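Here subunit A shows up in two complexes: once beside subunit B, once beside subunit C.
== the complex of A and B ==
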């Protein structure tokens, strides 16, 4: 199913996209290994959707190169469509179409359409073929969107905020659907999300976008392992404090000094102890939520 | 078994702990087949690679062994291994609690007293 994609079915090199004076995506280099799931996170307006729209060939980069499953995008964007399953952030089904009409419409563009899989998913998602798209609930619409995106067994799946706006139960069902499809195939998945608990459950690696740039790209477990919060108590309220190397973000409130550090190591603790007047120090683990927020906050303060 | 995705404890560790405590409690007994990576991933709605990682850790410590053609089974002397794992968790829980208490200035006597109180609350109304 793949062409000479090497080991990274999604590969972006120095991709930049401008809208007028605005730099939406700024020199983005990213490669996602085959059969892994990549969680793409960042604040609204960070450039995730722009990057995704370039990957699927809906938007041309201002500069840089993009390969998806070995195919150059946007040059061969018609050909790449049979290699990608794409769920956009907004519904992409004509509202007046019935579910069955939407399916046969999409099927007509996909020579490798797998009808057995489609029937199986219809059943699993409890989709009524006679229902019109505009009458589907949000959850059903999301499931239809996913079904339409994956029944041609693409090598690469790209989901743009697939679970936003879904209630917790439907979200769970949707994620189960994604997993049941991807766990038996060697598919490469990229999904963007604001729901970090979903990212933590599904992603092997995450990337944090901020103001058009990729701030960080790391395995989720490793990131959690290596990012820690050092809490020190200053002898003097709001006293002088010198942060250790590897500091991502810090905040002083009264006597309490919180320092989030990356690549956590003992010498950071020694640094804090030896260069500052503190009465207490401890080290805390962090949730992905806090790691994300502190990386972004740190970036904002650096400006 | 339950997963808390936003806990600072990595998910693979939560899964490994879940299997350990299930074995210690006798949910899975020696020789029992444990759920396959895929089934477990679907049930918990987590990445199969994460489950794989948890199983590798359990295999390394000897709690589960892979049986060709069948899957992973709980090893014959698993009760012991599981207990060791649980002991480790209890130890690290105590260690955290004690260091939190000490840094707040609690004495050993005060911490001992707290431990007994918690133990009594926890076992109130039970035979043990």
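== the complex of A and C ==
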């Protein structure tokens, strides 16, 4: 652990990245507490991968500052590499390397390489040391990437959509692997994925990125607890309706009126009842998938 | 550093094997010309044939210098293994040193092999191959062209993702600039010797400047 990392090994302050006229990441401020898992979600092109590439020193921010385990990136990018384990969306090991060659290559750079752990993971992932990277299945290649990223016991682990393209069985095995390697150690994990059930399973906190901005950053349990869907049945089809404060997204179909609200409280129900002519009302819990979709839809409608 | 050198050697393995095969083919073709020869084979025939083969080999190694330069960074960037390398805890200085050693050494060894070959043949019968000055002019021009080709392709490779495009642009600039120098020589009645000196200074100087510019740019660049 770095002396200056404090309680947030990943810290981004007002980070912006432009590609020509396109704003890929817009004033992103984010702080991830030590020994927690942060789920990073967003649509394609939301800016997640750009943000991650800046964190691991593969891309320079146009403005703002990034600190990983107390080290400024990209200024000290060479120093930060022993502190980070990075699993990219597509495995990028040299295709001609055999599994054992890839391990030996990475080991030669990592002073804190844990060979016992590597051997243990080789067994657990059932990787054939003689197989070339280009001949590995997607699942095996993802597992090899994970093995190479974690055997130097980094303080920070960053997964950028590592399960994309994996079949459900392999994805399950991969997630089991992530859970088993991260639960034993006090590592800070950033896990980006489109599969929200994976994120819900792994993450303590989540952040939703949309069009380069961080829409939301909250603990998963708290978010699910305070975000509810109010389902009201209007007396008249497509009748007048006034949404309560804290509305994130609403949709009317016939007489059915669905309202997603944040910071759910009883007053919101009272508001709906008192300001609208409704025949029925109930409150529903939401999955992370629904919360994500409604936050993004709400944002799109607001724009 | 050893791991990087081994890796770079492996990255260039296909190009090296390709180059060796071409060079071997040239020499095999040279040898085949003596099968069913229509008159008794004289030593001078053998020397001339292999002198020509050696010169073609020199030109081939000049071409391969462009392939080695063009592939220096773009090959890895294209297959995304540049990202893999970029997250390894090693410095850009070491990465580029390893690339420079392997990508310069491979074409240089092939180039030197042919230089030795034609120098040896030349020494056996100097009168047959013109005067010594002409011989050295050819060798130095091919060497200068190799340096420029390598340097240009190396520089382009630091920011392009295609070795073929780096190679293509480099060859167009090289041949274009040499054609311009030749046109200027004819228009302004510049002597052959001066034109050759300009050729050499231009190709060698330009190649060296491009190589250094590529090194500086890669060291300063954040992206792999």
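Keep in mind that, in the parts below, the second predicted complex is superposed on the first by the 302 of 303 C-alpha atoms of A that agree within 3 Å, B and C clash if a C-alpha of one lies under 4 Å from a C-alpha of the other, contacts with A are read in each partner's own complex, and residues count from 1 in each chain.
Just so it is clear, a residue touches a chain if its C-beta (ideal position, glycine included) is under 8 Å from a C-beta of that chain, and two chains touch if they have at least 3 such contacts.
Just so it is clear, the structure is predicted and the values come from calculations on it, not from any experiment.
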Putting subunit B and subunit C on the same copy of subunit A, do they fit or clash?
-> fit
Which of the two partners, first being subunit B and second being subunit C, lies in contact with A:164: first, second, both, or neither?
-> neither
In the superposed arrangement, which partner chain does A:65 touch: subunit B (first), subunit C (second), both, or neither?
-> neither
Applying the touch criterion given at the start, work out whether A:224 contacts subunit B, subunit C, both or neither, answering first, second, both or neither.
-> first
Looking at the overlay, what does A:96 touch: subunit B (first), subunit C (second), both, or neither?
-> second
Return first, second, both or neither, reflecting whether A:31 touches subunit B, subunit C, both chains, or no partner chain.
-> neither
Is A:114 contacted by the first partner subunit B, the second partner subunit C, both or neither?
-> neither
First, second, both or neither for A:285, with subunit B first and subunit C second = first
Subunit B and subunit C, closest CA-CA distance after overlay, in Å?
-> 27
What residues on subunit A does subunit C touch that subunit B touches too?
-> none
State the interface residues of subunit A toward subunit C in the complex, per the touch definition above.
-> 56-60, 74, 77-79, 81-82, 84, 86, 88, 90, 92-96, 104-106, 108-111
Which residues of subunit C touch subunit A in the complex?
-> 2-3, 7, 10-11, 79-81, 83-84, 86-92, 222-224
Please give the residue numbers of subunit B that touch subunit A in the complex, ascending.
-> 3, 5-12, 38, 41-42, 44-50, 53, 99-100, 103
Listed in rising order, subunit A residues that touch subunit B in their complex are 36-37, 172, 175-176, 179-180, 183-184, 196-198, 200-204, 220-221, 224-225, 280, 282, 284-289
